[in-house]
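Pasting the structures here.
Paired with chain B in one complex and with chain C in the other, chain A is shared by the two complexes that follow.
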Partner chain A sequence: MYRLTITAGQILVFVVFFLAWELIVDLLHIKPVILPAPSRIAEVAWANHELLLRNTWPTFIAISLGFLWAVATGFLIAVGIAYSKIIRDLTYPFLVTAQILPKIAFAPLFLIWFGFGLMPKVVIAALIAFFPVVINTAKGLTSVDSELLQYMDSLGASSWEKFEKISLPWAMPDFFAALKISITLAIVGAVVGEFVAAGEGLGYVINASNISLDTELMFAAIVCLSVLGVLMFLTIVLFERLLIPGGQQEGGVQATM
Partner chain B sequence: MKICSKWVRFIGTTAVGLVAAVNTTVAAEKVSLRLDWVYGSEHAPIFLAIEKGYFKDENIDLNLMPGEGSSVTVKLVGNRDADFGYATADQVLIGAQRGLPLVATAVVLQQNPTALIFKASAGIKDIKTDLKGKTIGVQLKSSTGRQWEAIKKSMALDTKSFVEVPADGALVPLLTSDRIQAGIGFYFNDGLKLKATGTDAAWISFEDLGIKMYSTTLLTNGALIEKNPDLVKRFTRAFMRGWSYSLEHPDEALQAFMKANPSTDKIYAALKLPEVLKLTYSADVKANGLGHSTTADWESLQKQLIEMEIMKEKTDVSKVFSNDFLK
Partner chain C sequence: MSSAPGIAIEDLSVVFKTGNGSLTALQDVSFDIAPRSFLSVVGPSGCGKSTLLKILSGVLQPSKGRILFDGRPVDKSKIQGQVGYVFQRALLLPWRTALQNVILTMEVARRDMSKAQREQEARRWLEIAGLKGFENRYPHELSGGMQQRVSICRALAFQPKILLMDEPFAALDEITRETLQEELLSLWAQTETTVVFITHSIPEAVLLSEQIVVMSARPGSVLERIDVPFARPRDEATREKPEFAALAGRVRGLLRHSTSTAAAVSEEA
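This part shows the complex of A and B:
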């Protein structure tokens, strides 16, 4: 019953938000070129649905590849950090510094370093999605209850068994929390990549609609991007539910969305 | 009765005195001007006008702000977040068509600065034959990209003989690193920036290939013209005074710009200003004065924008510009 009421409430928040937006635009007579009303955006999105769908695909590919690359390398480095004091001490200051660095500022240079097309987009997406995976996963792996590990030692377990049976499951909630942050960053990265280095994709549509002051189309593309982002986020939540036994999930969906 | 009139006279003279005092101390009107882009020597005549006190002479306290592209500038002026703007004519026209009450009070740059830019060593002389096998960087998110489309069509270029790549915002490094052999951009920006790096740069101007278009204009909001036409007149006068003086004394304009922007690339700034000043000329300007524009040329701009599919519907161009404030 509570679950149902909350779901209804969550939908209501969206409805109220869009209604308020529609009303404000209407009452203040704001021109669509400055801020279009949601109804107008929906109209334009429908009229251009072919263009939008065609451009969603390259963006999806760039986000996915960037994200997967970030997760794979991030996870491996996190394991290194968790199991080797030398790696940890050597790389940690560098990783933290690199995380703080505004990587997006390098975007125009990526065009020169990595050429045109998919590559620069994937690299930017991977680069900004990478750090939360490393840092969160390493934290998860290193915060394992030491008594549990001692218990495994007393049973004569191998290092691999300890990793697989104790550390890895222990780190899962932190790992998934990182994935949820990473996927949103990968979206930002891919779109920034498309701003500077692409002739297709939703980021390109957003930017290109600017020259004809087509604010409605720009919003329609942003809506598409948001829907794509939410779907990718929910896919991760689904995997989290499947892989982590109930009750252990990091905050659950409500807290993180 | 006598006393009474004395009092009246006293009050009268005090009042006159007070009004006079208020008049002399009245603060200059605060007016904001949003440029098309970050400060560059293409804005030197504006810095000169400030330094020479042309705005102060008109009792204007100018708040100058850099821009983030003409499309943003026209929206800010259309929304009355800025009193005046300095932005390209195409964006003014499109903005007006989209319902923003924009009026260009002076067309400062009369010629189209878009060009095909390359290293002189690329050996491009004839655009019809010499692009074969070359990679060309196109700024897809700029109207220059659409102009290139129009040129490809009008000159019937063999588009299979060269490769086009998206190159927004990075034309010069792409050219210097040989990732591309030619690029479409403003020659006074990308062309001269390339030259400033010490590379022998060359370009073919789109104006020469038949794309005649007004470029940067001074614009304001129609509501401001209605409310305070005198201010619009004074502002336009001060602004254009800066340009006329700069045409006579380009070195002073450059100095004024460098003084206000000491960290600027001085070689690039010095290369750019004379090229920009050249763009202020046209046959119409020669006959009718700096900043003047004609219905015919605005109509022709609109026709080209519609052909390039940047503009979707026509608008009444006579409402989009005015020469009245130049007189």
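This part shows the complex of A and C:
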């Protein structure tokens, strides 16, 4: 009962937000060029749905490629960091410093390096999505309960068995926490890439309608991008639910102690 | 695997390097363990009981001395895969069900068994431990006592030659502890395994064991070995016998003496 009431309440918060927006625009006579009402955005989005859908696809591809690239390399480097003291000691200061840098600022540079189109978008998305994967996964892999690893040693387990049966599943909650951060960063990266170096994609539509002061179309593109982002995020949550049983909260074995 | 060997521990010493010098955890520890017997080790905190278990489980190499199975010296690699381990914490894998947790040890240490055999064996053990119907529960859905039962099943299921237990019931409440002590005895009766059991509880050691090794405070060495003559099966009635209290009193006296001596020594130093 509580659960149901809360869910209804949560939906209500969204409804109240959009209603308030609609009302404020209406009552204060705000010009559409400054802030269009939600109803107006919906109309414009529908009128331009072909244009928006056509431009959603390249953005989706750029986010996906950048994200997958970041996850694959980030995961491998995290394994290297977790299992080799030399790799850890050598690369850690560099990784931490690189994570602090405003990587978005490199976007215009990538236009020079990789030209116009898909490549710069993917590179920026991958670059900013990469660090949380490395740092979180390495943290998960190195936080394994040492008594569990000793237990596996007493059974005569190989290094691979310890990795596959203990460390990897142990790190899964941290890994998925990283994926959720990374996917949102990959979206930011891809859109910034489209701002500076693309002739298509939702980021390009936002930028182009900004230049022509078409705020309504700009908002419609932002809505598209938001829906795309939420769907990609939920896909990861779905995988997380499927792969990690309920009892394994972040932090591993605590529940069974 | 074949029947349990007689185990001989000969002149075991363990010295740890520390920041300023070295620390002797065990000094010249020697005793035999008869095949298929139940031996408890009691001693004050820091007497190196857990260090002893780490050596017996093949995780730690002693600085001096050796371990013999049936008269043959065994090193770390030979011990691995032959010992079951139960800790104070159940230490189950939260992403595996009770059944999958029991199967874990067989996956690693019993490559001769097929997948179906492993599952069948795990189900059999869970049933003996009174966990039928809980096979597909995750650890967080089980009580502390149930988790420790799963942990014992996991340690016994691959038929280790030795079962090492490091204060396995210390974290449980009194009633659960007594139930599990009796259950452990009936589980053990189904095996050919030799048990080495570490505990702080004197009544627990007296109830469960054939022999009790009393250890001194650091550096740990064997003070005395005591035979426990009570017939099996042991149960509630065993606890009530006057001989039970007398034997527990004797162990307590030895421990008191060793602790006060150690305190006097450390005051002098």
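Everything below uses one rule, namely that the second predicted complex is superposed on the first by the 247 of 257 C-alpha atoms of A that agree within 3 Å, B and C clash if a C-alpha of one lies under 4 Å from a C-alpha of the other, contacts with A are read in each partner's own complex, and residues count from 1 in each chain.
The rule is short, and it goes like this: a residue touches a chain if its C-beta (ideal position, glycine included) is under 8 Å from a C-beta of that chain, and two chains touch if they have at least 3 such contacts.
These numbers were taken from a predicted model, which means no experiment stands behind them.
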For this session: State whether A:E161 touches chain B only (first), chain C only (second), both chains, or neither.
Result: second
Exercise. Is A:D153 in contact with chain B, with chain C, with both, or with neither (first, second, both, neither)?
Worked result: second
Exercise. Which of the two partners, first being chain B and second being chain C, lies in contact with A:S143: first, second, both, or neither?
Worked result: neither
For this session: Check the residue A:T235 against both partner chains and state whether it touches chain B (first), chain C (second), both, or neither.
Result: neither
For this session: State whether A:I244 touches chain B only (first), chain C only (second), both chains, or neither.
Result: second
For this session: Answer with first, second, both or neither: which of chain B and chain C does A:Q10 touch in the superposed model?
Result: neither
Exercise. Which partner does A:S39 contact after superposing on A: first (chain B), second (chain C), both, neither?
Worked result: neither
Problem set entry | Overlap of chain C and chain B interfaces on chain A (superposed complexes) | none
Problem set entry | Complex contact set, residues of chain A against chain B | 31-34, 108-109, 111-112, 115-116, 195-199, 204, 207-208, 210-213
Exercise. Contact residues on chain C for chain A in the complex?
Worked result: 54, 57-59, 77, 79-81, 83, 85, 87, 89-95, 104-105, 107-109, 138-141, 147, 158
For this session: Spell out the part of chain B that touches chain A in their complex, as residue ranges.
Result: 69, 71, 74-75, 78-79, 91, 94-95, 98-100, 140-143, 146, 165-170, 173-174, 177, 179, 309-312
For this session: State the interface residues of chain A toward chain C in the complex, per the touch definition above.
Result: 145, 147-148, 150-157, 161, 165-166, 169, 172, 244-248, 252-253, 255-257
